[in-house]
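Next up: some structures, all given as structure tokens.
In what comes next, chain A is part of two complexes: it sits with chain B in the first one and with chain C in the second one.
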Partner chain A sequence: MTTDTNTDTDTVESVDPGLGRVSRLRGAVFRYVTFVASLVGVASLGVLLAYVFWDALGMDSAQPGWYAGFFLLVVAPFVGFVLRARTDAVAGEVALELFATVAGGIQGGFALVVVLDVIAGVDVWLSYFLTTIGPAVAVYLYGRLNRAASWTGLGILATGLLGPVAGTLLIGRIDVVVSGVGAPGIYLLTVTLPAALGVGLLVDRNEDLGDGRWATLALFALGVAGVLAADAVPGVSRSVWQLFVASFAAPTGYVVARNLADQERWSGLAGPGALVVGAGVLLLVDGPLGLVGPSPWFDWQFLTSPPSLTDPSTAGVYAPIVGSVFVIVLVAVFTLFLGVGAALYLEEYAGSSGLRGAVARLVRINISNLAGVPSVVYGLLGLAVFARLIGTGIGTVLTAALTLSLLILPIVIISAREAIAAVPDSQRRASYGMGATRWQTVRNVVLPRSLPGIMTGTILALGRAIGETAPLLMIGVPAFRRDEPTGLFTRTGALPRQVFTWADNPNPEFQYGVLAAGVVTLLVVLLTMNSIAILIRNKYERGDV
Partner chain B sequence: MSDDISSRVSRRKFIAAAGAGGVLALAGCTDGGDGGDGGGNLSGEIFVTGSSTVFPLAVEVADRFERMHEDVSTSVERTGSGGGFENFFCPGDSDINNASRPIKDSELENCRSSGVEPVELKVATDALTVIVNNENDFATELTFDQLAQIWGPDAGADQTWADIDPDWPDEEVNRFGAATTSGTFDFFTETVNGEEGVHTQDYSPTEQDRNIVQGVQGDPYGIGYFGFSYYFNNQDAATAVAVSETGDEFFLPSLENAASDDYPLARPLFTYPDRNRLTEDRIAEFCRFFVEKSTSKEIVADTVGYVPNTDSKASEVMETLESAVDEANSG
Partner chain C sequence: MNDARGEMDLSGDRGFQDVRESVYHVVLLACAVVSVLTTIGIVYSLAAPSVAFFAEVSAAEFFTATEFNVNIQPITFGVLPLAFGTIIVTVGAAAVALPLGLLTAIYLSEYADSRTRAVLKPMLEVLAGIPTVVYGYFALVYVTPFLDGVLPVELNTFNVLSASLVMGVMIVPMVSSISEDSMSAVPDTLRQGAYGLGATKFKVSTRVVVPAAVSGIASSYILAISRAVGETMIVVVAAGNLPNFPSGPGDVLPKFFEQTQTMTAAMVEVLTSEIGGGTVAYRSVFAIGLTLFGMTFALNLVSDFVAERYREEYD
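Coming up: the complex of A and B.
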């Protein structure tokens, strides 16, 4: 081998003809094999999604004319926008932001309604708002305004400990207020108003947007005046309206306004705008033109009705959605506290030497292994330890939440550790160098810098938890339950469990219609959670908050 | 909150059902015998486990019961008859366990040792159905002996249809049957194979009826068995086999044949409440409702696909229930 290493590969043969030609066939074959390998996954997933959506939206019943209109008005503009977004990064980003905000707002609204109105009830919410949440926020805001007040941190801690006690005592004593103001009024004052004030503050901070007071006023007015519109929509009570103004209208309005104010970002609004206008026009003209559209299984009725096993046309997923949201909210609370706590300890506090270092190493290795344990095993563990030994009950909300928390805890810890380890050491040293304590360094440097990574990892893990079925089967989550859960210790339905039950229904309308609609519900939840995670990651990677 | 409830109620579109429910509630008051306890003020949780054969019937009954009693929440889980007794009912986790065969002595002992006293209530009759692929035109009639040959303990992976009858194709028999936790498994083995629990190992066991149908559907030489309800609601998917105990006269599974006792694989379906929990009004009332509805052709036959109880059988069962309720309340 006397080939000159500097020689370009193209001229190898001319330098030493004795070596013969270097065959590129294997390289080319390998390249195409990898190409096919990457396509198989995407293509089969695409087929699956198309198949499920086709069934769920009942596309069979639509006429060719409707399809023509659909492609002309909805698909063509959207494809055009996607092609444009390939070269215009801002446009794609704005569209993602809008999608994540809208879908996240709707799901956040569902979660808010479930947690406040269905599970807690307005009297319980008001009690804790008056004794815990309100005072804590007030103390925090005072601390922000008056930096000299060093007691605010402990004040918030004290409110967090004493507030719930006082709140529990208060429940039942404020019935007069509750019945006097009414549930929608209480939500208007305790949820819509704070959200409106928050948006006002954000608007004030952004120079392009003008006076925040107008934004606050507009949102508050929407909360009050929209009640009339809400009364006209079946299934939307005034309370639900208030909660959706806070969780959906407020963030969506802010995001739209901010993107509208910046001319460079207008191109991004074109895609979602074209979709909304196209769909709106289609809805307006299909009646007069006599076009028969699809008859979707996945519709408002489906989302708001109790499940059924005999009547596909009235079957819904209301109770399972409430159950899943309840469980996932608890899982989020458990895993955030336990996961971030464990990750912080392992990365920041546990040394690498001595007994503590050895224990930490053992814990690290075990956590990595636990991440690979099949979910069925976690289900068995949940049944044996939580349901039986501790006695949280078969198929209850708490058992499901604890089991799913354990299931995703290793993933949350690992991703949180990665995020914490990614904070540059130079920043920690700079903090120490300025005389900060370890706690102050963690609080002011490590946590803020790693929070986006932690959030992204946690949201993706929650997405996995919400779709898990095997552990739910093991812990006895019932196959059929018409009612939503009312507390931690009541049995609950869950979305994936309901889908599994429908999958065994002999009626083809269930197997191909209702089942598909259930799957689409799960997919929409998952895709939204994932897009929120991507959005957070993108934003923080570039450093703008 | 009140506005939420009223709007949800209207969404459920059951004005008609509510009217019927009102009538039923009245009926429940008059023959329920538990005076002073009107229909509307029951509340709490009911947990039903057990047979996947009885599952669709229990769900239908629970669904209707809850429409009458808004504050009662029923959870129905399918675990198989034996699985339900073993894992949920006898340990005291569930209030009621369904079974597609009578409770075994060992299960009765197990329950009693933990203070649970099962009360047997017959709620319907099933025609256990043997299915073959729609292309199968030879094995449309099978005797018990032939079934025992196919499903017996000696049947291995190498068995072909020609082994059963020389005129049939020399193709392997592929079996799709009930899991061992299932009451269907217990009944089938006892009735066809002569001894409970004796069954070939070479088959695909499942609690999901759909897996059995799909297995047989996708295999021209497949054979399976399950409750009549699934076949009743999905008759195009597979062909039901006419069976005969002796070989003289073959009967297809149907509600008529099962009701007239002609069909040799007809079997009673049960629900077992825990007697000690019948002191709870909601559970006692649910059981009364279940027994009352067990005569309904609309629910049991038309919707689910089993044979309803006769009126005399239902009143007999109701007597059993009422005396159990009295005993529970006095003891």
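Coming up: the complex of A and C.
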């Protein structure tokens, strides 16, 4: 052990009681200074966030009476719940779970609508569902039931490679089916029904809950019957309704039901419940009582209108959001596949000596160096290699997706490697001992154990990709686009790019209104993704998953 | 795990299994190779246009001229004013982030109880997760007007000060998390030894833990500086787009209150303006990018070297 530390002088000091007191004061001051220093960053960010939310929600225009109601009905219950959650860990956990499910469900529904209905279209979705997604899931489920079938892994891989080819050929040949069943019917059968079946399975596996068949039936009925309700709401088509039943109603219903079934977790439902009730009461009474509420910039109109450079009152972020969702979905697919593959190779396959060891060492050093390359340089890579050399086009969806994928790939690989390395070696040895091959060990032991950690790291990295702006500027993503992208090779807007465009406009209605709302949109998306990641991590650390 | 599999493996078709194993091996290896291809792609995409650029503009002009001007005659490509902008923004950010990050790390590692740590650490991670364009917006719309009202000096709408303050806040978690890791790695026996000799907690923290973790702290400092050098959106949004080179050493401090243009901001300005591909100005972006890449790469290497070379081993 090393002992060359300068502690010998202190003994002299503490012999003298007077000096001891001085040291105690100095120690207390130092402790206080370090505490304050660790709060400076968080506190200043908190103030800035409060400002931007205040501006984006247009709180300036509300009357004092409305504030009184707001504090009484919304803020007070929320603060009370936070104080309670400090001592009641379960309450905080349930609240986080609910928040992540609700916010994630809404945003997942938005992403589904964008990808399936706006960009792909129902005929394209059905073709790929019939040729790729459906068969792959069927083969996977067969493999789960009949565990002796060793070909299922390769079967899924082959489906993933051949299915898209067949699907592309099928597009246009199934118009009869599409027009016969109708788009909402197709979504009901291909999205809502599988989601309902999935929830039914989860309910069945949970001992506290009843028969899963009822859950499936109820969700399916909600998909069918809710169509009538959806017709009454402007802006919500029957197809949108189906997709939201699958991504929002199904998981939220399951989480609420599971927490309701366990009395110990009721305290956690009280907080979110009080918030919803309080906000509802406030909405009901503010009209009759004549309370003027805030006039938010961040509202439904903002989320569903195309952007504008001149008129703050009609400006929105619809097209940029669609572009961002499209890009991020592609990034998620690319990085999950490449990142997990590379991490598995480095942790499970790479040798430690000879040529293979040298290759693995080179790749490892390379990845840690890539993580430190500025994002703007990745933009130049995207411009020179993808947009010009390979020819995916300036500012197109595909160029943006490829560039951002390479940008976050090192982060995904590093976090996936940590998750894979955390799987105990004894489990691998047990698997080998039973005669499993390397890939069987990876698929049946390593991947299931490390998946939550991999998901956490990937979601956090995707959050980073959503907010990246500099690479988008380099690859020529247009400053302003009113139309949403329609394919991989169309030029697209993106949410952070649009925020940057508005930042140039000195008009205060833009700076403190539209721009603030755009920033809030970006922050809400990030907040949701981070809370989902934290939720997965918490469950994983407790061993629930 | 299940009997069916064990049986299958002993009696199954080895030929098929071998094929399957090697297919997966190759697929996974291909995934790992993508990262090497990325590096090759970066070097290629920076080097090829840079070579063409330096054929037209001499390296001497690029590295010594004190003006960067691609639009108005006489066109000059001096990287010095841009490098100066990058340096003062980085110095400002470091002045905020290095002390705050170190003190945060000391608090987290030595003083905070586990519950405070469980709350504070995720909150610090949030600081690093906010998109930089949002930080730029904060600096431009909220911090600059605030500082303009508080400070006795005339502050430009776009200025170095608010951009670097906000950037400093952003990189605090980078300093604190790496520093805290290396402080936590200092074995408790060292602390106990010092307490046994009668040292106070303050002395243990500052004279034992910090010196023992100095390699990690230094490496975190260098990484944070590298991050600040490569940062783009904060400076593009909040620090302006005018290269600003000081006339002498006494002229440096006022530059904090004026606008500037960093290397990253110049790259953005040239590429988002109406300058087409194939021009000298277009290629200058890649030359600046190469310089930037060289700077950050060198900083990262030094950081790795410091972490390895000066690490205290306690086993």
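Convention: the second predicted complex is superposed on the first by the 507 of 545 C-alpha atoms of A that agree within 3 Å, B and C clash if a C-alpha of one lies under 4 Å from a C-alpha of the other, contacts with A are read in each partner's own complex, and residues count from 1 in each chain.
Here, a contact is a pair of C-beta atoms (placed from the backbone, for glycine too) under 8 Å apart; a residue touches a chain by one contact, two chains touch by 3 or more.
Not measured: the values here are computed from a predicted model.
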Simultaneous placement of chain C and chain B on chain A, clash or fit: clash
Partner chain(s) touched by A:A503 [first = chain B, second = chain C, both, neither]: both
Touched partner set for A:E468, first chain B, second chain C, both or neither: second
Touching partner for A:L406 - first (chain B), second (chain C), both, neither: second
Which of chain B and chain C A:L526 touches, first, second, both or neither: second
Of chain C and chain B, partner touching more chain A residues: C
Touching partner for A:T314 - first (chain B), second (chain C), both, neither: first
Touched partner set for A:S426, first chain B, second chain C, both or neither: neither
Chain B versus chain C as contact partner of A:A479, first or second or both or neither: both
Partner chain(s) touched by A:S352 [first = chain B, second = chain C, both, neither]: neither
From 8-16, 62-70, 80-88 or 98-106, the chain B stretch with C-alpha clashes against chain C: 80-88
Contacts on chain A seen with chain B and repeated with chain C across the two complexes: 476, 479, 503, 511
For the chain A and chain C complex, residues of the former touching the latter: 1-3, 5-8, 10-11, 13-15, 23-24, 26-27, 30-31, 33-35, 37-38, 40-42, 44-45, 48, 51-52, 147-148, 150-151, 153-154, 157, 337-342, 344-346, 349-350, 360, 362-363, 366-370, 372-378, 380-381, 383-385, 388, 406, 409-410, 413, 431, 434-440, 442, 444, 460, 463-464, 466-470, 473-474, 476, 479, 496, 499-500, 503, 511-512, 515-516, 519, 522-523, 526, 530, 534
Touching residues on chain A, where the partner in the complex is chain B: 117, 121-122, 183, 234-240, 301, 304-306, 308-310, 314, 318, 393-395, 476-483, 486, 490-491, 493, 503-508, 511
Touching residues (chain side chain C, partner chain A) in the complex: 1-2, 4-10, 12, 16-17, 20-21, 23-25, 27-36, 38-39, 41-42, 44-46, 48-49, 99-100, 103-104, 106-108, 110-112, 120, 122-124, 126-127, 129-134, 136-138, 140-143, 169, 172-173, 176, 187, 189-190, 193-194, 197-208, 211-212, 223, 226-227, 229-233, 236-237, 264, 267-268, 271-272, 277, 285-286, 289, 292-293, 296-297, 299-300, 304, 312-314
Contacting residues of chain B [partner chain A, same complex]: 1, 3-4, 7-8, 10-13, 45, 47, 49, 55-56, 59-60, 62-63, 66, 73-79, 88, 93-94, 208-210, 213, 229-234, 303-304
